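Each structure below appears as structure tokens.
Each of the next two complexes has subunit A plus one more chain, namely subunit B in the first and subunit C in the second.
Up next is the complex of A and B:
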């Protein structure tokens, strides 16, 4: 039941994404980026991305087209968090490998079958 | 750098890069499918379909490892920078390889059942309350989703549309994706067979990723040593002596706001710009000035250091900073100017200039 619901939600997500992709690539892209004017060959390449992150696309479309994109600080890259990400990655990777080898169960290859005594 | 978007900005180097990648991937798959089965004894023995599945899965893991080590390698040794130049194509190819792996899985394990194959994928193993036998498939699904997001948003349009902060944050997904792949392997195929050379290679790859990231971090901290920095008032920071900047190059400082600022010396005058390229946040401070323009060492984007603007007809802009020199020490105002703001270069021969 949970798996069926999950698959259904994924289908809905992709369906809505397809509608957003159509609207954005035909109407919105020209409103948000002047470099896209007259450039059509690259637009099909954007479809898979819109299918996946369409809520983000709608939000940015609204922000840019309504002139709310004035906070210049948002254009700065989050490089200050890179060190924390590196350390977290280290801990998770090492921990994952340790757990994997700790729970590993050795088995012999080609174990000879044993006849059970059913008497 | 583009004025009008095109699907792919091809050049000779990218053709060669992609050709080499395809040769490496096809070579790896051929060796894995045709050579390795005779060298290894699986317990239990596996079908050719599973062998194909493992070939593509292993290939995706090694490619993902390569993606993650290229960055720190380029930070440690500039000779690796050419590998970084076209890394996004490597990422897209990795996504295709991972997708092929998933496709083999679905078309083998979940195809001989009346249950919908995707429903079966999510519903077959739900033992989330135990480590041994944990549904490692969920890690693989998560990693594939991350790779799809990264690959499908790799076009330059996305960087501009989403803004570098959001785009870069989104592309941090490469790290959880790699962790998920390691968990997928560790709780999956590594549990299915005796510890083999593949297990050893997985440990080696993880050690490489972790080690190189630590080394790169150390290099970066050394080159942007902030230990000597201090605030001189509410907004101004003392950075370093003017004499430490080489003509035509920059010295980079990381102030306590977290921003990295590149201070360039060109024709005896100082200019300060953000160290992060507007394209993919490459380290501009590691570039050299030619004719007033600094070239990003990652992808070749250029900026005028006096105004943070790319040369026409390109439109990229980065922040500039106000600087001054007091008693031979360069000081910077932490309040960045809006991207593209011209700042008159500072003649360093003027003592205590503002």
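Up next is the complex of A and C:
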């Protein structure tokens, strides 16, 4: 049940990502990056990434196309968070590994068989 | 040296001032990898001594085929590595059993050629091409009736008999669950590996209470410790556990 739910959620995520990728690569990328005007060969290469981070793509598309984009702001915030994100990622990776070792079925069970009848 | 000159690029020599950092980083990562390998290895279960016995070569035996709950052969004429009187479970190549070809030969005397898989007292014969390597022999024989060993409650793990016997290492546990489910669905005979032997049996071929293959309910519980009740029958040299899925309990 948990696995089915996870697979369904991933499918939904990737499905929405595909729609965003189609719209962004056909329409949006020219609004976001003037260097992309007339350049098409590289666009399919972006599809896998957009499938994964499509909310960020939508956000950036909206910010840039509505004139709210200020380079200093764009780059300052992620850069400020690099340190903490790096530490968090390390904690998450190591924590996931440790939790996977800790949360598992007890493997030292040693229960003798019981004969229930003789019939 | 300016900050710009300290910028490291992989294809240029390491700046003099960065050597110490470079060495320290390398040693730290090296130590971390060794520690991780040690810690991960320490947490794994013993994979056992199971393996394919290619060293014994292909074995050809004759015997009576029984197909339920899963195909097995009661050997009447042995080979260099298989004695007459032994009962061997049968598996196909990869994640497949010898069905459906074997079902047409149920209760008939056959010749079987394959490679032995062996882990302790668990023995299985892998038959890579059942159509070619399972054939009816002229001299038809019969097998004795199963011996009823009574109703039991057992604690242990449902494994696919082929991987547990040595096709995979490890061939049991949660890390092997997905593989085991595919193998069993493909027709590989599953075994119930008990936490303590039942009489002299450390593993039992497991089937459903009705005598057929295990149900989806049991299939979902492969690779984890469970408690099951059911009848045990001695069939040749193999104990067969006909488990009642209603008695299934999963250990925390």
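Assume the second predicted complex is superposed on the first by the 72 of 119 C-alpha atoms of A that agree within 3 Å, B and C clash if a C-alpha of one lies under 4 Å from a C-alpha of the other, contacts with A are read in each partner's own complex, and residues count from 1 in each chain.
Everything that follows uses one rule, which is that a contact is a pair of C-beta atoms (placed from the backbone, for glycine too) under 8 Å apart; a residue touches a chain by one contact, two chains touch by 3 or more.
Keep in mind that this is a model prediction, so the values were computed, not measured.
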**Report entry** Comparison of subunit B and subunit C by subunit A residues contacted
**Finding:** B
Requested in this report: Would you check which partner chain A:114 touches, where first means subunit B only, second means subunit C only, and both and neither mean what they say?
Outcome: second
Query - Partner chain(s) touched by A:68 [first = subunit B, second = subunit C, both, neither] - result: neither
Requested in this report: With the two complexes superposed on chain A, say which partner A:52 touches: subunit B (first), subunit C (second), both, or neither.
Outcome: first
Requested in this report: Answer with first, second, both or neither: which of subunit B and subunit C does A:106 touch in the superposed model?
Outcome: both
Query - Shared contact residues on subunit A - subunit B and subunit C - result: 101, 104-107, 109-110
Report summary line: Per the touch rule above, subunit B residues touching subunit A in the complex are 2-7, 41, 43, 116, 118-123, 131-132, 145, 148-149, 151-153, 155, 157-158, 160-166, 168-170, 172, 175, 178-179, 182-183, 185-187, 190-191, 194-195, 199, 202-203, 206, 209-210, 213-214, 217, 258-260, 274, 276, 278, 281, 315, 319, 336, 338-339
Report task. Would you mind writing out the residues of subunit C in touch with subunit A in their complex? Result -> 39, 43, 45, 150-155, 173-174, 194-198, 224-225, 227, 229, 251-252
Query raised in the report: Which of the residues in subunit A end up touching subunit C in this complex?
Result: 101, 104-107, 109-119
Report summary line: In the complex, subunit A touches subunit B at residues 2-4, 6-7, 10, 32-33, 35-39, 41-42, 45-46, 48-49, 51-53, 56, 60, 64, 69, 72, 74-81, 83, 85-86, 88-90, 92-94, 96-97, 99-101, 103-107, 109-110
